[in-house]
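My structure is below; once you've seen it, I'll send some questions.
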């Protein structure tokens, strides 16, 4: 599957940008050209040069280092937010899938309302209570995204639970754990994976946005979003300094989105060909005289 | 003049030949059973006659219907014929009927497409057609929607609308496979009766040899895209000829119902106990 | 002969449904005498199999296996029970988890009952008993044909050496030549391995060849029951007669089968 991924332009670009992001973050843990927090007031707004390829900010802090360390923040926030949304989302989806029909419609409506709730409001609420930080921002994003995951995944769980192979596993005496981990999760994994990549893209963007608004990573920790906020005043005089964090954000978000698209395209048709298609279409295919495996034919 | 004359028909999709030089003919009022397993190409052959092959399918050979060559005829002509001279019944009644349109409207749809008909006349025609296929309470039935009918009743509607224009040829692809056994028997009886009344020819495509033998005067067997046997039910059973046909006949007998008067069934069940 | 399954007055009505899916069904499955449950759609045969397997709790009546009530769901004693009674379903395409290897699929019931064992040898043995070569264990369901998948489903059911296998329309979705192979396999298992089959089917031909006893169901009730030969040769109930009359007959054959 990985090889197929790299064959499409979207997959290639997406994987590359993700790799760049991770590499920058990893690199920043062991080495940066300069200490990003080191203040060098005399060297403020240094032009782009060999010593400082991306210049320095008002306080003389090297921008290349800031970019690298900012990557760390982006990775951390994205990972935490995505992980939270996935775990919480699956849990909510299970509850949704297992409740009796009467309760389900009420829960559905509640979830719809939660989905409509802007991440921003959640973030403001949390920040007011706990103060601004990368973690708080990540948690806010994770909470908001978890209901989206739940809504996508719940019907898949329901259909997996009513599939024949789960019924057979139950009839063979399988416990809930085995059914969950051996049957349901692997079945919903493709959809989940695609969703998760989309959420990663959204989370990266959301973290940048929240930091920009001052609700995320606080000074002095470098963050791409907050850099934009700090540098905003300079946009008329020194626009070039905004380029680096802005482009970085665009590359990461766009790349993750493309990766999600490539994953979705890579996984879906194969799923149909493998025979995950529903029974009716298979019966029809059989009746029309065609093996479902080669369902390209009528 | 033969009603339908299929000659050296070959169909390929991509680089696979799925139907390989198939030839058979149907005379006016004659019933031909086309038997085969899945992948034999029987349904594609039927679709080719109807002009409903998927895009990308290449057809060579000849299909002459009422003297007219269909291979290469334009899509417009094929559609004209489908709505008037060639009727079709497929396997799944629920997907053949429009869920948003009443039974009555669908019964006369093809007829009204061809000639102007005031509403009152159309309604009476719909009721007549519904009665012809044995729908209970035809006046009420034509006002119903497909989902309000049972599977068997829906298939009756499909048959009625296919025969509404009194076509010369009816194509039926697995018309009873999705139905219960008792319903199947009644639908086959209906097909029998209506085809006799109207005098149309019938091409019945099915994997079930017993169904084909019950309804048709003549049979052809397809396997692997090729036509491997042809003949009356009797001749096919006594001397299938081709090994693929023989295998199908043997399998049908080995797995099919045997009325006790003719077989070793009691012994078999005794052993099983 | 030991009674394995004993159903007494079993009835079931699904939540919020005005009609009963099952009503007053009583039947017995005896060891060594396979039972056919014949019915069309709406006869309640699927509900009946779920009740027999303890996958639903019937709203009326009792279902007993070897004189003990069948455990519902994961209740007390269910693991033992589920070792003795296995299930094979109609659709070979949805019965196997597309993401598992054939070997894992067959081994699953074995692993449920002894999680720590190495089941590889047994899996190959099972594949052999359904006439499939050992290398099939490495493959995935989508690489097999419908007939092969159904045989895998049967191999899986045989793994825990069950006393009873309930087969719900085991051959209906198969082409006739494949149907013949699977039918021969099932007959061999019944005749030589001492397996007791419960075959649920609308297909009287299959039931005739596999089952010593038969029960005919219509709209949730048993309308006729008895030894297969008796019921099918001399049907008393009008519905049974209608079923038999509905089957299109094959012409008589001179050569023997």
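In order of appearance the chains are A, B and C, and numbering begins at 1 in each one.
Throughout what follows, a residue touches a chain if its C-beta (ideal position, glycine included) is under 8 Å from a C-beta of that chain, and two chains touch if they have at least 3 such contacts.
This is a predicted model, so every value here is computed, not measured.
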Write out the two chains that share the greatest number of C-beta pairs in contact. B-C
Kindly work out which chain lies most centrally, taking the average of its C-alpha atoms as its position. C
Could you work out which chain's C-alpha centre is the most distant one from the centre of subunit A? B
Geometric centre distance via CA averages, subunit C-subunit A, whole Å: 46
Would you mind pulling out the distance in Å between where the CA atoms of subunit B average out and where those of subunit C do? 32
Just how far, in Å, is the C-alpha centre of subunit B from the one of subunit A? 52
Could you check subunit B for residues that touch two or more other chains and list them? 38
Shared-interface residues of subunit C (touching two or more other chains) are none
Shared-contact residues (touching 2 or more other chains) in subunit A: 283, 286, 291
Name, in rising order, each residue of subunit C that touches subunit B in their complex. 32-34, 40-41, 171, 175-177, 179-180, 183, 187, 190-191, 202-206, 208-212, 227-229, 232-233, 242-254, 257
Using the touch definition up top, name the residues of subunit B that touch subunit C in the complex. 37-38, 180-185, 188, 207-211, 213-215, 233-234, 237-238, 247-248, 250-260, 262-266, 268-273
Residue set of subunit C touching subunit A in the complex reads 53, 55, 73-74, 78-79, 81-83, 86-87, 89, 91, 93-100, 108-109, 112-113, 140-142, 145-146, 153, 156, 160, 173
Please name which positions on subunit A make contact with subunit C in the complex. 163-165, 167-176, 178, 182-183, 186-187, 273-276, 279, 282-283, 286, 291-293
